[in-house]
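Structures are listed in the sections that come next.
Look for chain A in each of the two complexes below; its partner is chain B in the first and chain C in the second.
Now for the complex of A and B:
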């Protein structure tokens, strides 16, 4: 039952917020906070269920082959944890920034949270598409929610391209239904094995293209830099940290279930897209002057690392990819939140224009530096560990090329993150060694978001060290084993 | 075991060298950075120890993965030390070392997939090139040396001493771990090229520290060639020369730094007569110069004799004579440096007088710091038994008349050449393009590629949609 709550609780919040607003005309901050806590608790409960004792729950009492089944297993659980953490962080930042004012924003926000949980839990292909639609519409609206013309334009582009992705995904789903008459994801692996090869090609093309578009992989990433850089800070953080990971989950789940045993070069295609994303993302981020746009392109590259891990098509590779997804959530949310904070205080997003960091907490710059080091891949931090694992398993499973791309990407990313960090650190050092008189003009204040990012920075270090700890490695390996265990998934869903 | 270690004579001696050099540098530094305050001073005083820690952990670690991690961390520490004096050199250093570490990690991953283990030691043929490229950036193999001269000459002196004394030796250490039948000819060839090219470049330098940096490459060539011989004697000889070079090159860098501190410049054309003003610095320079030239009684003589013996024993006569010639070139180069900086009459109107007359105390501290490597250089030269023993030689062999004659012959030849070429060496040469040109050009081309890619984000939805549909078509072809 707890699985349904993970979807229903945020959905209920999303519907209650307008009601509250209609009746009392204001939206108290603590109410949104309580709602956030409730949906966080529901998501975490589902994640725990999935991790400790994988479970399925049937909706409406229909048998699993007819109705919709919600499933939480060891692949969904870490993604659930990741998204719920991302949603909670983003909500805290939003509440801190906007208070209870924009009720529409919060309604959409909870709708997004509900749909993310739905995507992670559902075992029905069409239901997945439905949740994807809610997810996408909510995301378009959130991107445009600041109502500036850049945000509107970015939201519109996201809408058009996202709809194309959804269209392809829907086409794939329709072809599957036409070919097999089944939409249950646990029954499909077997049913697809008798589908003619040509049909399977069309199906896999549609599904992979649709999901790759939503993920933001390289040749079809065009919506991502605009959307991530034009949205407000909490939304950018959520988009980069949690939203693209949900699509990564869907891609992993679907490609493992449908195409692992049914051949076809799906995993090879995912690897190619991953390599292209790594190189393309890093090259486009290089020479980028807008910090948020740079971070957005860096997200494209990091998605590439995850895709390379998924493309290994082995338990170890997928485990490494999930590890990198979690790490990227920590690092990129931290980077977006700290840089958003810094940019707002400095008054510019241009790296070259950062001259004076008056009012910026030096600790904020230090935290930003930690995240930058982690995402570049400096040894004890988590980014290094997950990239190393991806590199290790991709060499075993897919050859040397992805590993070399990862190596090249590390150097390019070091070059551009060096530019950002040296601009920030340089101005802080100049300020501290310069005239001390005007320091107290607008003194920096500690905020809840900087506490959260500080925690994330510590988590980055801990996750990096934990990756060397054998029990941690084996529990991560179990994620990958769950992902490639098609029979296990079928047993879980069908209750046999 | 979470931290596998590889403890043997090779790694322990390198760790000891790291500690010894760090002690040297931390005595020397207070005499060098007395004009600095704040962050810079803090970094100069504490970071060498962090470097020492990571380097020791690196050389002692028992698999390539940990080796790479610690080496990368030690490079990061040096990056901070370089960035105090020159940020662009620091960036070049950071990126080049990261490239080396990434290649090394890729090689490690490949090694693991081929053999199921990453234990430190020789690697199979198919991943050897990755290891050689990765370590080659650290150890300044030809073309991969693009970062070394710039970084060594632009870093502050204590940092250059650590760089040349130990940081590049970590690359050499890794190369030493790789030695197997497969590596032989490659390393011999690479070593000979490095030795010749380094000394040739050094001859046309007029920047004292850049000259020393090129000699580092040349001497690394000796070590790499010795490893390339592949016999136990060759390995021991390379090992000995690595340790000896770490000590005397640190000494040379520190004396060049002292010279710069006292005279206000490190440009040989503007220096002169420093032997009168700083006699002690001259003595230390002389010890280092005699050692690097292979004068009997100093460590360089013993180690170079071992290298030559190893080459002779295995019949690599070409390489043997190349290294002999390089030895003579080294003598010429150091005669030039000694003559121009210390012995000749002071140049009129030095460009920059020293900003502030250094205090007596700082002079003493610098000299005290330099005593340590000078002492070790002489001791290793007089009692080379330990290293000779690891190669299966006894001390008497090294001091055979033939060997002493060969070394003094090289010295005499070098001196003669110097007297003959003095005027030519003193004049300016046009800059000859080097590998760092490739980097500069490469960065420009790379930037253009990036700009081109960014123009794809034109903001026109029809382009985006066309690309999406095109990707779909390509995907369907790939998935066929």
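Now for the complex of A and C:
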């Protein structure tokens, strides 16, 4: 029951907002906050269900092989936790920034939250496609929601590439339906094992290409830097922190269920995409001067790390990938929110221009530096831990090449993050030593977003230390074991 | 009949993909998307066809065709329509701003 609520609650909020708009022209902030809390509670309940006692709920009373089933297990639960945290953070930041004014924005926002939960929970391939399209349309609209022409262009670019991805995914789904006659993700692994190898190759090409387009992996990443950098700050944080992880989840789930035992080189393709994303993303980020664009290209590279982990095709590798997904959510959301705050104060997004201006808050810079150190991979922080684990398992499972790419990528990322941090620190130093005329900027107000980013910075340190704690390691390993346990998923969905 | 359906779907899909890749006008990009979508739907509808099948309505007289792909197609048509409508809305807005729908003349869409 709680699984249905995780989809229905945010959906209900999305449809109630236009109704409330008829009453209040500007929505009361506390009303949107209560809605956000309700959908957060529903998502967390589903995540807890999935973690403690994995469950399936049948929709409409149909037996599981005919109807649509929602499933929460140990692979979906951490992603559910990650996205609900991301959505809540982004909602708090938007409420702080825009108040209750843009009701259309909030309606789309809750629609996005509902569809993300739907993607994470569904066990039906066509249902996955439908949720994916709701998710994508909401994401295009959120990217373009500032109505500036850059945002509009980025939204259109995202839309064209995202729709192409969706069509490839739909084509793959159609081929699966033609080959087997079923769309239930628990019954398909067995049904696909008797499908001819050539057919399986076509199916896997369509599905992986479609999901790669949606994920923003390197050869088909064109939309991601534009969309993530031209959206407003809370939306950028949500896109980089939570949205791409949902696509990563869909890719992991589908490739593990359908192609792990049936072969077909899917995992090798995922590893190659991961390596290309790491190198390409970092090299492109190195050339950027716009701070948000730099962070967006860094996201491409970090997706590469996650894909390399998934490409290991082993429980340990996938567990490391999930750990990195969670860490990346913490780090990248923090980076986007703090840098958005800094850019707004300074009035520019160019790193070179920040260097020449004073007026950056020292607290913001300190928090930004912690996140930058974490994402580069400085030892006690979480970024180091997850990269280390991915490197370790990729050496044993896929060979030396991905590990070398990770090492090279880390060096490049250290170079460009050093550039950003030194520009920011230089600006703070200049303000403290230089002209006393800028003191009007010295308003030490504690905003909700800075509290959240501070908490995330502490969580980065804690997650890094927790990774050394054996019970934590074994519970993460159980995520990977759930992902590769195809029979267990079938038992859970079919209720045997 | 089945071969005709599938082969025309392949031709339409490739036409759509080529249109998106090669044409520089944004409206033609949307036409390409729409063509790709139509071809995928054609594949799905054709997959439910059984030669000599009857409509799947309650008293069956003979072998009924598979109604499930038709339900998929209807859902996918609605989704596709919303995608296309949104794309056109974006293009109209951009066209107002730039006075053109040429990809090369709109800065952010180049490359």
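The rule we apply is simple: the second predicted complex is superposed on the first by the 482 of 496 C-alpha atoms of A that agree within 3 Å, B and C clash if a C-alpha of one lies under 4 Å from a C-alpha of the other, contacts with A are read in each partner's own complex, and residues count from 1 in each chain.
As a working rule, a contact is a pair of C-beta atoms (placed from the backbone, for glycine too) under 8 Å apart; a residue touches a chain by one contact, two chains touch by 3 or more.
Remember, it's a predicted structure, so these values are computed and weren't measured experimentally.
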item: Partner chain in contact with A:379 - chain B first, chain C second, else both or neither; value: first
item: First (chain B), second (chain C), both or neither touched by A:160; value: both
item: First (chain B), second (chain C), both or neither touched by A:403; value: first
item: Touching partner for A:422 - first (chain B), second (chain C), both, neither; value: first
item: First, second, both or neither for A:149, with chain B first and chain C second; value: second
item: Which of chain B and chain C A:320 touches, first, second, both or neither; value: neither
item: Chain B versus chain C as contact partner of A:468, first or second or both or neither; value: first
item: Chain A residues touched by each partner, larger count belonging to chain B or chain C; value: B
item: Which superposed partner A:174 touches (first chain B, second chain C, both, neither); value: second
item: Touching both chain C and chain B, counted on chain A across the two superposed complexes; value: 153, 157, 160, 164, 222, 226
item: Chain B-touching residues of chain A, taken from the complex the two chains share; value: 153, 157, 160-161, 164, 168, 201-202, 204-206, 208-209, 212-213, 219-220, 222-223, 225-226, 264-266, 268-269, 272, 280, 283-284, 286-288, 376, 378-380, 388, 391-392, 394-396, 400, 403-404, 406-408, 410-411, 414-415, 418, 422, 429, 433, 468-469
item: Touching residues (chain side chain B, partner chain A) in the complex; value: 2, 38-39, 65, 69, 72-73, 76, 87, 91, 94-95, 98-99, 102-103, 105-106, 109-110, 112-113, 446-447, 449-451, 453-454, 457, 459, 461, 464-465, 467-468, 470-472, 475-476, 478-480
item: Residues on chain A engaged by chain C in the complex (per definition of touch); value: 126, 129-130, 133, 137, 140-141, 144, 147, 149-150, 152-157, 159-160, 163-164, 166-167, 170-171, 174-175, 177-178, 222, 226, 230
item: Residue ranges of chain C touching chain A (in the complex, touch as defined); value: 13, 17, 20, 26, 29, 33, 36-37, 40, 43-44, 47, 68-69, 72, 75-76, 79, 82-83, 86-87, 90-91, 93-94, 97-98, 106-109, 111
